[in-house]
Amino acid sequence: MSPESTARSIDLNSDVGESFGAYRIGADADLIRHVTSVNVACGYHAGDPAVMRETVRLARESGAAVGAHPGFPDLVGFGRRELRASPREVEDMVVYQVGALAAIAHAEGVPLAHVKAHGALYNMAARDRALADAIAAAVKSVDSSLVLFGLPGSELIRAGEAAGLPVAAEGFADREYQPDGSLTPRSKPGAVIHDAAAVVRRAIGMIAGGRVTAIDGSELSFPVDTLCVHGDTPGAAELVRQLREGLESQGISVRPIGRRAVRA
Amino acid sequence: MSPESTARSIDLNSDVGESFGAYRIGADADLIRHVTSVNVACGYHAGDPAVMRETVRLARESGAAVGAHPGFPDLVGFGRRELRASPREVEDMVVYQVGALAAIAHAEGVPLAHVKAHGALYNMAARDRALADAIAAAVKSVDSSLVLFGLPGSELIRAGEAAGLPVAAEGFADREYQPDGSLTPRSKPGAVIHDAAAVVRRAIGMIAGGRVTAIDGSELSFPVDTLCVHGDTPGAAELVRQLREGLESQGISVRPIGRRAVRA
Amino acid sequence: MSPESTARSIDLNSDVGESFGAYRIGADADLIRHVTSVNVACGYHAGDPAVMRETVRLARESGAAVGAHPGFPDLVGFGRRELRASPREVEDMVVYQVGALAAIAHAEGVPLAHVKAHGALYNMAARDRALADAIAAAVKSVDSSLVLFGLPGSELIRAGEAAGLPVAAEGFADREYQPDGSLTPRSKPGAVIHDAAAVVRRAIGMIAGGRVTAIDGSELSFPVDTLCVHGDTPGAAELVRQLREGLESQGISVRPIGRRAVRA
Amino acid sequence: MSPESTARSIDLNSDVGESFGAYRIGADADLIRHVTSVNVACGYHAGDPAVMRETVRLARESGAAVGAHPGFPDLVGFGRRELRASPREVEDMVVYQVGALAAIAHAEGVPLAHVKAHGALYNMAARDRALADAIAAAVKSVDSSLVLFGLPGSELIRAGEAAGLPVAAEGFADREYQPDGSLTPRSKPGAVIHDAAAVVRRAIGMIAGGRVTAIDGSELSFPVDTLCVHGDTPGAAELVRQLREGLESQGISVRPIGRRAVRA
């Protein structure tokens, strides 16, 4: 048995608060009840102050840990398009967004627990150390106890560790991986896995086994501290329910990583 | 001698950090050295994260108190156009903006001292109690020690007092007033006073005498705790220098109201 | 029988193309098949270039006349909040938006047929002649054969007539009216009528009878050339189907007003 | 003497209309009098409807040809940051922007003459044929007589030719070039040449000699139809005056390429 297989607990996180004005997206009210951490959009790629506040309220009612989900200032592209911003620009925009959410959460009596970059920013920072350092510096300057999420083995995780931040390695059970551990881009066919049983199987493989199968069939060592569950798919809440059952049947408990259990 | 004439100190504030991206506006570096408090735009009507950070640095170097200057989300209108947002929308957008600046200031080791609403938001809240209450609630939920700026006798001052916030009555030495104490709108001829000597004379009248002459010639009782100096006019820095000399010659000291002296 | 009751044809229009980026709103594909004119959002209050183009294609396939639906630059407020823009600003922003849509429609081989202002802009221009004149001037400067939509008896209709534009008086079968013929604001309880049978009944009353009952029970003379059907409600397509059946049973044909039949 | 040296006329173009709301940038009123073509920002990276209209008026008064200057939707980055938009997104956003300006120009009685992509969009399309084709398709769908500007030998020029558009090869006299003919990025030291005499010398070398010296000292064959003069530098108008004198002393006339002379 590999050392990675000893995980006895896992955090389930979801990207929420991505509605905007009159536009609704996701099924936050349903989903938030099933996860342990939520990543709240901060108004750049999605979300607005009213949506942020309502989302924090929902998380508080469900006991989910609240984190910030900063992205590029690209509402029409939903933060999924790469933007060649400088590390300095990225640092400042992350401080801005995390600070805005921190104030809204504070107004609702909720502390921030973690930060997870969104979309293209997350993926660029996984491989670009300068951007990763910028994000880590931003998070540290707001609150050095915030947990920084990133792909296992990514530059973002390394930057967080170098900055002295608590970090959490994140798996995506409904996404295919490249052989190098990066996410297969959404633009590629098959990048998103829609079969619920397959998603649950992959999740349990990551959490209990510390491994995942890449898109080319190779096996990756892939220890995770938190698992992302997407809420913008039909049946998301049901999927999370199945996942929790599957994990609990293996003696793995589901609990937030931020503000409680932080990866050493 | 009237009770208002006993002021022995005054805060000089200025709206700064209103540049945006490649666009420069104002003469912040010059001006910040001459005032005691600065109101930093927060990205909605003006400003961006990089400008906000640079502005906070300038203020720190000069020892000026740093406050937030939240406005309507109307960059093309510079926040000067009335927008019929609901009190709830206003509350949330103020928390968002103040929180964003607070984080940036914190990253630079600077505490926030006060909040001054910008442009149309400031003027609407001067007469609309529901909006004024929304702003006061927003400020209080971020930090109840922040000083709320407003026109003397305005709903904004009353809302701040009702919320238990420290408040500061603000005068504009380069603007004409209506007989009811509201600002003459910028769209009206003569609303902005460009003659430096007249500006200095009016400032000293407000501060030392607690009075100002309205646009119709009537005399208003007008005690002020802080005086706004505009930086987007040529010669602004020189004007502030003259003003400080004039005040000091009357034994009135110039010092920040926030984080040090708060109106009882 | 009153003179207004002689209408033998009616245009059915709907506000469409209000999705934005990843955000979907409305049921355009269903709805467009049932109406004769569509009002396409132009990127200020809703819509983006890709959505605009897709919407024009859907309209072309269904044979619906395509019009522009310009609004205030307020995406988060969906153009429903009053913004105190000057007539000059309104004129320029309407030219900009109509021109952008005209080019996209041209790229799809579709001519523009009409212009209908959106939300707060529509309602402000119903009572403010300077804004109404600004909109009429904008439309005329793009193409003087475009039909300008407005509330019956509104300043917008008067401005269009004064500018020599063809105009179309518009009714809203699912909205309550004030005694003065203006729309009851959405913020008021009961402003939107959800009962399908009532909507159909009101529509037939406006079209065949030239009358509508205001919210206080008074009867208004209300001749209409075009009737707005909302697509953002469940069952919208079914409602339109019932409405067309009801109209046809009274010998009233449904056909576009723009590019074909223009009110004298 | 090389065949490229036979150019007896040149177009001088400048990027203008980049002010936004209360923000002023450039010295348009001065500069427009000295060039033969202007590229007007369209509201995405800079410009707003009021600025666009005022800029068209200035161009009309000076007799300069008016073209569109579409860019990425990145106001805070001034369109200078690469954004990984898809070719389809680029095509639609270019149609939108060109159409918006075309309507504003039409309202002022001015026809559009050309299109020049801005900043990062221009540079990405110089080397990415799919983006170049998207821009060419957009321009063609608006008006197939519009002249498409691009770097000599770039994919943008090739795409324009393939689409059957008239094209114009553009030189930048105040920018250094890489050995492959692309612009040295602004982020590199020395990328922008500030010495007026050097700028004039390089301009005349390109126009009269069809050659330019790259940053590594190599000589590039560089025939140009139009030369870009930047207006955001002090002394821009004076520089253009010197340039025109230098050209005229060599018998080279300065005149617009669009709507009059189009490269075969």
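Note that the chains are named A, B, C and D in the order they appear, and that numbering of residues resets to 1 at the start of each chain.
Heads up, the rule we're going with is that contacts are C-beta pairs under 8 Å (C-beta built on N, C-alpha and C of every residue); 3 or more make two chains touch, one makes a residue touch a chain.
Since the structure is predicted, the reported quantities are computational estimates derived from the model, not experimental observations.
Any chains in contact with both chain A and chain D?
B, C
Shared interface numbers for chain B and chain D above half of all numbers used, same, or below, different?
same
Using mean CA coordinates as chain centres, what's the chain A-chain B distance in Å?
40
Report, in whole Å, the distance between the mean C-alpha point of chain B and the mean C-alpha point of chain C.
For chain B versus chain C, the centre distance works out to 43 Å.
Can you list the residues of chain B that touch 2 or more other chains?
Counting only residues that touch two or more other chains, chain B contributes 48, 76-77, 89.
Which residues of chain C touch chain B once you look at their complex with the stated criterion?
By the definition above, chain C touches chain B via 73-74, 76-77, 81-85, 89, 120.
Residues of chain D touching chain B in their complex?
20-25, 46, 48, 75-78
Please name which positions on chain C make contact with chain D in the complex.
Interface residues on chain C, with respect to chain D: 43, 48-50, 52-53, 88-89, 92-93, 95-104, 106-107, 138, 141-142.
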